[in-house]
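Structures are listed in the sections that come next.
Shared chain: chain A. Partners: chain B in the first complex, chain C in the second.
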Partner chain A sequence: MKKHRIFCIALTLVMSLAVLAGCGTSTQQSTAIKIGGIGPLTGGAATYGTSVANAAKLAVEEINALGGLQFELNFQDDEHDAEKSVNAYNTLKDWGMQVLCGTVTTTPGIAVSAEAYNDRIFTLTPSASSPKVVEGKDNIFQLCFTDPNQGIASAQYIADAVLGTKIAVIYNNADAYSTGIYEKFASEANDKNFAIVSVTTFTDDTATDFSVQLSEARNADADLVFLPIYYQPASLILTQADAMGYTPKFFGVDGMDGILTMENFNTDLAEGVMLLTPFAPDASDEKTVAFVQKYQERFGEIPNQFAADGYDVVYAIYEASKKAGIKGDMSAADICEKLIKVFTSSDFSVDGLTGENMTWSTSGEVSKAPKGMVIENGVYVGMQ
Partner chain B sequence: MKKILKLKKDTRKNLITYGMIILAFLIVRFLSASGNISSAFRGQLVPICVYIVMAVSLNLTVGILGELSLGHAGFMSLGAFTGVIAAIILQGSVSNPLRLAIAMVLGAVIAGIAGLVVGVPALRLRGDYLAIVTLAFGEIIKNIINTLYVGIGENGFRISMVNAESLNLGERGTVIMNGPMGAVGIPKLATFASGFILIMVTLFIVLNLQNSRSGRAIMAVRDNRIAAESVGISVTRYKLMAFIISATLAGAAGALYALNFSTVVARKFDFNTSILILVFVVLGGMGNIRGSIIAATVLTVLPELLRAFNNYRMLLYAVILILVMLVSNNEQLKNMTKKFKGFFKIKRPSDLKGGTARE
Partner chain C sequence: MGFLSYLISGISLGSIYAIIALGYTMVYGIAKMLNFAHGDVIMVGAYMSFMATAYIGWSPLASVVLAMAVCTLLGIIIERLAYKPLRNATSLAVLITAIGVSYFLQNIALLIWSSNPKSFTSIISLDSLRLFDGQLIISSVTLVTIAACIVIVYGLTMIVRYSKIGKAMRAVSEDKEAAQLMGIDVNQTISVTFAIGSGLAAVAGVLLCSAYPLLMPTVGAMPGIKAFTAAVFGGIGSIPGAMLGGILLGVIEILGKAYISTELSDAIVFSVLIIVLLVRPTGLLGKKISEKV
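This part shows the complex of A and B:
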């Protein structure tokens, strides 16, 4: 009997949820340009997807409030999985997507961009950073740096600012992003004024204990530890380095962004950590201040670099659409050809949160200047 | 019609299973040709076929052989990467359908060999221990593939475990597998028709095995190992047979899966995927092939159908899984279906026992 009752309760729950889910669907506008978004809203990489989705929503609302060109956004979950991502893409295609803002992560990005290339749907990805995403596909563009570029930029930055002479690297050798950055960093380091003295790796399954890697770095007398990894393992590295009394400089890349908003992490440990990221929420320029304030009001947290990427993607599409004279009743393939022309034209550039004068090459890669940041008193400060 | 009713119960049951698959294939083909199918569903056709084959092949190990395997995705992974390598090497030399067939066969063979290598020591273990060994196998495969760099270039086929540069492919070489970045630039060879054929082959193998002398021996080992040994059944041989066939089919499914997407990474085939397939088998009923097919199809399509519910999607999916578990073990509902079946008066006395999950 008890089982029966549980069954009834569960059934009621499903039904009431079904009613609830009916609410909150956006109103249809026939002339609006339909923008699809794909990213992980659930699972281990959900932070990135949620940030992009939130910021894109914010940007679309702002643009629609301006009058003129209207956008309609539909953001679908892909759980950071190629198969699910293609499913999400097909769902968006059924919905009538005309431009794709996605995907947020790399592996799904490679699968989806191949589909979008075949279907001729213009794609601008906020943060899928492998060069494989855009390689050989004329209608796929990136807003973020490619992984190899981050590796090269990091090596140059460390060398130019003479941040350290003996470098230790800890990277995730089961992760495309981390390995991509490390490989370029290592090959770029050959003719620089520093030496890589220790290279240690971990995988997602062993990302709980870093004492071995840190000991090796300390034994090799490394004065700077380069961490081309995401912020979750990085926070553990910082905590464990502190516990063993090892205090080198730490240098991260854009995946390190997010460390200050992490729960249960003592942000004092992040003091003095340097990172290369195109966006800093504490920057004093008008655009960033306005964005951070709006985002915080709306979603109750400080936006990270992924949010800024998502925001910029929508605005880049907006600027290009205005320039190309795109209307909501055009077919996706027509929009695609027009947007490609605008994006690759030499006089098209976008000033966004993640960089001034962003321009795109025909290969689809963006060109913008990286910014070095250092964490001081719990906030990012531009590195001099 | 009378002839069909006269057939043995097992044969009739199998014919219904084949018929169900063929009918589903024809309906989807027809709908697809008349343009009445959404691209969301069309994109899922090949994955559905793959998961059906995975579920049926795992059912051979879990349901028919009665050994818990938690590393089925490992075999899928081996098949997937072998298939990708074969497909890329053969680019331009053979026609696409043949290329897909070769890729699938090679994937199956490699996965089968791995099944033999794992099976010989592992099948000496029983119950939980076998589960742990297969779980470890899946993880080992994942980690090995994560460190493998494979390419083809001026110097021919090269493998390295250091990095992509050490392959020395020359300027016009292609890196097929790039360590943790997985394989990219995979030609999209998989089609719904090939998935259908793979399901039919799988069903043919598994259903015939189940009703053969070997199949009965395998089930005897499952039901009582000591009794089976006492009548002269070689336990190791039959266990290995079921395990290797299961691995082989998973390898073929893996190749088909990989050739449906332009990229595949080793971490896709982790513990979660193994568990997902085990869920298909358990929900469909262990030892019940038709149940596996239905469960794999429904549970693959379901998360996509729930997209309309936005943020409640995964919550609903979990609730539905729990509901299915409760419903399929609910005595009152079982009695109701019994009455329902009695209403149609088809003489199937032993049917009431079949189809329920073994505890």
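This part shows the complex of A and C:
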């Protein structure tokens, strides 16, 4: 019996030594800043997460090749599910994440940003666009427009370009992103030169048959249908409108991005669809051309707006880290305070793919100008 | 005209629910188990048809035959591997296994076809029917779906009523042990039931994706649940009941959306279900079963 106990103590000692040894080596090696990423890599919203993850990887490789500040990226899947997203966040925290690039989608973003706020981990989300993600959390920042901004910008765009006078809206009332844009759009529409004549909704569970919603829009004589929704249901709406012989203008927001890359989709149906998005892969500026070429070589597809967002997030963190003098051996909380200071300072701005001169307010929202795009011959073309 | 066009949309959606519900109701009626993986067999059927037409360039009809063959085989394999060993287990164990199979199929589909949605090309390329100077447009998919539903229900009723295997099915459904004593191969009968149900699932999947051309690994999940509701609504175990339940469910869903609220469409559908079950606990056409003590 006694022998047994001694053996146990010895074993415990050996094991704790092993743990200590592990600690020693890991702190010595990690001079790179550990960036965690969270987004859907599988599931219905996987296009977004994969695009962000790919582009972030590309940006990290470019930055590391410069030789200065080093980054290490670990991207986790959340399947666009809030609970799984928090699990992914905890996995990253155990890994030693110092800065978070995420989440990609809004509903998980609301859950994860609350955790990151409590843990004081600096967060810059590429595309979670609800104000609820950043509201009241000083260390959470957005690279994309907030939903209200998209709603306001869409209303302004439609009014300024006189795209339609009678507007129908079809939105997903089970989705924070879609509802948020619709609400701002509706309140902004009050003093504009158009009227909202039909508002109908669907949920993720009823996103198959849109005949009722489209009939209502047609019966109300709507000449433009505003779709603040993702592209999967939008593809069904376009197909069913075509089958009904209803041909209004369609106007989407950034969730519409992706419709052209959907496998086997008849892009003729999307002809003339307009959308607001901060990034167009066919733009001719040097930065965009270089990025599109690199991305295409590496991943075999044309990057969408989410890819550009992911790329910009990494570069924004890089610029801010250089400015703040961040090093890999600092604690996440220290890095957090330093980055907040830089991001909210008046002389910090980033020129990225998704906008020149991006600046951030203390509330965490970005300011940059949206661009109107229209689909012509199966590609995005800048409006005006 | 609006009402008529909504009604037709409802019957079309309902016919798809009905074809799916037939699979649930047959398996329940004969094997007394809820096959929750049925919705995912639909998804496999739709992917098979998609691959055959889009990648290999088969004709739509051949792709449907392929989808039916693959799904029939899949149904038999699922039954053999996952349900047969549990023939004498509690119904709760079988139910949980069915949910497991459902998730298994969804995740396998995610691995094979990835989560990126694909746009399904309708297998029916005929022109839409235009009535009343184009005020009422009925798509060819709608017509084919409704026709398919009627043909399938008629065919199944005939099989169950007059064929030898149909008699065996009814016997197994009445009393499994007694049927066995009379020399009926219970296991084979259940396998055949699964094969027929899964074959129908393939048809339902192709029609579903032809009408609503968005193909994802989760495409069968929600219609599966709605069709299960339809089967209960019509009286689970009853073939005409599944058809009636399916069509009513589709019509209620569309009319509820059109005349009450798009936000409440599912709430309306399920409220009707609750009311019907309160009044008729066995569903609209369900048999009243008196428990023997």
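The definition used in the following text is that the second predicted complex is superposed on the first by the 355 of 384 C-alpha atoms of A that agree within 3 Å, B and C clash if a C-alpha of one lies under 4 Å from a C-alpha of the other, contacts with A are read in each partner's own complex, and residues count from 1 in each chain.
Simple rule for what comes next: a contact is a pair of C-beta atoms (placed from the backbone, for glycine too) under 8 Å apart; a residue touches a chain by one contact, two chains touch by 3 or more.
Since this is a predicted model, take the numbers as computed values, not measurements.
Look at A:94: by the touch rule set out above, it reaches chain B but stays clear of chain C. Residue contacts after overlaying the shared chain place A:83 against chain B, while chain C stays out of touching range. Of the two partner chains placed around the shared chain by superposition, chain B is the only one that A:187 touches, whereas chain C remains out of contact. More residues of chain A lie in touch with B than with the remaining chain of the pair chain B and chain C. When both complexes are overlaid on chain A, the residue A:173 reaches chain B and chain C alike. In the superposed model, A:161 makes contact with neither chain B nor chain C. By the touch criterion defined above, A:200 reaches chain C but does not reach chain B.
Of the two partner chains, chain B and chain C are each touched by A:42. Of the two partner chains placed by the overlay, only chain C lies in contact with A:266; chain B stays clear of it. In the superposed pair of complexes, A:381 makes contact with neither chain B nor chain C. The intersection of chain A residues touching chain B with those touching chain C, taken from the two complexes, comprises 42, 173, 203, 205. Of all the residues in chain B, the ones that touch chain A in their complex are 38-44, 47, 139, 143, 146-147, 163-165, 179-182, 184-185, 188, 261-268, 303-304, 307-316, 319-320, 322-323, 326-327, 330, 332.
Residue ranges of chain A in contact with chain C, taken from their complex: 40, 42-47, 173, 200-203, 205-206, 208-209, 211-213, 215-216, 219, 232-233, 235-236, 239, 243-245, 262-266. Remark: chain A residues 3-4, 6-7, 10-11, 13-14, 17-18, 20-21, 24, 41-42, 76-77, 81-84, 86-91, 93-94, 107, 110-111, 114-115, 130, 132, 172-176, 178-180, 183, 187, 203-205 touch chain B in the complex. Chain contact summary for the complex, chain C toward chain A: residues 2, 5-6, 9, 13, 50, 54, 110, 114-121, 128, 134, 137, 139, 212-214, 216, 218, 222-223, 253-254, 257-258, 262-263, 265-266.
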